[in-house]
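Have a look at this one before I ask anything.
By written order: A, B and C. Residues from 1 in each chain.
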Amino acid sequence: MKADVTVETVRAVEAILLVAQEPVPTDLIAQLVEMPSATIEQVCGQLAASYEEAGHGFQIAKVAGGWRFQSHPDLAPYVERFILDGQRARLSGAALETLAIIAYKQPISRLQIASIRGVDPDAVMRTLHGRAYIAPVGRDSGPGQAVMWGTTQLFLEKLGIASLEDLPPIATFVPDASLVEALEKTLRLDPDEVVEESARSDEAEAQ
Amino acid sequence: MKADVTVETVRAVEAILLVAQEPVPTDLIAQLVEMPSATIEQVCGQLAASYEEAGHGFQIAKVAGGWRFQSHPDLAPYVERFILDGQRARLSGAALETLAIIAYKQPISRLQIASIRGVDPDAVMRTLHGRAYIAPVGRDSGPGQAVMWGTTQLFLEKLGIASLEDLPPIATFVPDASLVEALEKTLRLDPDEVVEESARSDEAEAQ
Amino acid sequence: MKVAIEVATPVFEGPFDLLLHLIMREEVDIHEISLATIVDAYLLELAKMAELDLEIATEFLLIAATLVEIKSRRLLPGRENVDLDEELALWEERDLLLARLLECKTFKDVAKILAVFVDDADRVYARTTGPDERFAEVTPDLLEGLTIQKLERGFINAITPKPQMSINYYHVNPIRFTVAEAVEELMTELPRKLRTSFRELTANFVERLEVVVRFLALLEMYKQGYIEIDQVDRFGDITVAWTGIGPDAETNMEIDSYEG
């Protein structure tokens, strides 16, 4: 710990996080213990590291913009035995794909989502909204004034991340060259190239 | 620690107590981690001593026949400041709706409330229960044996009425069959409250 | 050696999903992508869906039409008499399809990473217990100012059905008929006309979709030997002639036999 951080400050942070019912923003903790936010961020980070090192069954983690106590993932089997309805609601592939689009493209309208997925996202979006992973964040300024959607704090909690910036950059996901080539080749209009192609593969087979 | 108590057992106890809403009886912990109760009693006692020694801002304490995490008494001023600063005093619209449903429809299960409100009332109910405005009043006789909830004496006192019969009767505002039909339909549908607050904001506001 | 493997038909989340699946499968299996195989497989899936679900998504058919156009463009080369506008339009559609496939694939990959995040996050449980009873006095009284009138209003709000804000954002009407129904119509229409053209057969249709459905129906009947199809100019009109012979003119024809 830094020299100017007293033991009391660290203990106060622990006490506050223990009684909190949702992630506590660093700024709020800083205000309560009268220390700079940067210091509190450091204190929390160091507390998290020290719990891990001591091998405790709990952690401090930064999730959805704030710090919180949570059980250690190693101990999920015990916790699930204890919390009877501990089974988490599973997200379907369609739900995850829709969430992925909303997370990276927000604010986005239903129509825009539909055109990316090629299917009506209505039912999936209703479920996601019901679970509060997505919410309307405004209206399009265009003529239709479509409702625009974005992800929520609960979405960040569901993913266990502190903010949207913790998601990998979209560039990471650009399909690799071989797939792009395969798609392009498949949909090529010019028949000459197709002939060439098959000639080449004949050659390959002959070897 | 005793020789036959593994690190995993101690960590599991920590994890279980961390996520528990109420003090957890020794016997229940013993059953969950498959160890004798006497051993668990000892483990909890030793954990409590080690937290105190390490000077953490939280403790493990035995309360009402069970073990729980709580903030250290030394740090009460910080916790009080957190409660006052960090939380809003008024009941949110969503919390009010949940409370009204429980008041009028008691005894009622969490699931039944969810189907009326269309969103998970969990967080709101936890707050209301924490303030002793609602309480479990029994179990459903059906297969699930769901916990049934009702309002408390404190609720009546706060509202300044002698009994539930002083509430305006429900029948006066269920005027015709079409509304009932519309209502039934809503109950069958997925929640789709586009402009409604999300479950997440319920939680935030209810505190 | 190639072994035919029966795979349980997966549920495809839309036309891009299906098309990606088919193309990637081809790539893995034979390292050479045959558009013909993919178009046939796509149409086969489409036919299965058309039988299962009348409300089949319009996108499936629009993409089928684009695929078929690309395929026919390859099979019927011929540089003369090319309508440049139509040629350009086809290029545009192809590029659009390619771009949308890539975008779809990108978000499918993102979804996989999100699933990993979710799986990890599902293994931790947050503490949400709140302050204990020692702090009850400090805790603000939530019910301050609550009256029975407010409670009553809260209850009415809670049980009042919420307005549905869902808008129908599909500009294309839901499909009113299936390929199978179109075949049925043509089976009564064509024997009377004997010889006609695709444009004539679709002259009364407003929706592009209806045209596509008819086109798919004609392709099907062509494969079954009921009709002859001839296209003199590329992108020109298609003449349709009733042959009067089929595999079994007496019984209902099988629609799900696009492979061939």
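The working rule: contacts are C-beta pairs under 8 Å (C-beta built on N, C-alpha and C of every residue); 3 or more make two chains touch, one makes a residue touch a chain.
Small disclaimer: the values here were computed from a predicted structure and weren't measured.
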| item | value |
| --- | --- |
| Farthest chain (mean CA position) relative to subunit B | C |
| Chain nearest the overall C-alpha centroid of the shown protein atoms | A |
| Distance between chain centroids, defined by C-alpha means - subunit A, subunit B (Å) | 27 |
| Distance from subunit C to subunit B - Cα centre to Cα centre, in angstrom | 46 |
| Residues of subunit C whose C-beta touches two or more other chains | 125-132, 135, 165-166 |
| Touching two or more other chains - residue numbers and ranges from subunit B | 15, 18-20, 69-71, 79, 83, 118, 123, 126-127, 192-195 |
| Footprint of subunit B on subunit A - complex, ascending | 7, 10-16, 18-22, 24, 28, 31-33, 55-58, 69-72, 74-75, 78-79, 81-83, 123, 126-127, 129-132, 135-136, 147, 152-154 |
| Contacting residues of subunit A [partner subunit C, same complex] | 18-23, 58-59, 61, 63, 68-73, 76, 79, 83, 86, 88, 91, 93-94, 96-97, 99-101, 103-104, 109-111, 114-120, 122, 146-147, 157-161, 167-168, 170, 173-175, 178-180, 182-191, 194, 197-198, 201, 204 |
| Contact footprint of subunit A on subunit C as seen in their complex | 13-17, 23-24, 26-27, 31-33, 35, 38, 57, 59, 63, 70, 73-75, 77, 90-91, 94, 97-98, 100-115, 117-118, 120-132, 135, 165-167, 169-170 |
| Subunit B partner contacts - residues on subunit C that touch it in the complex | 125-132, 134-135, 138-152, 154-162, 164-166 |
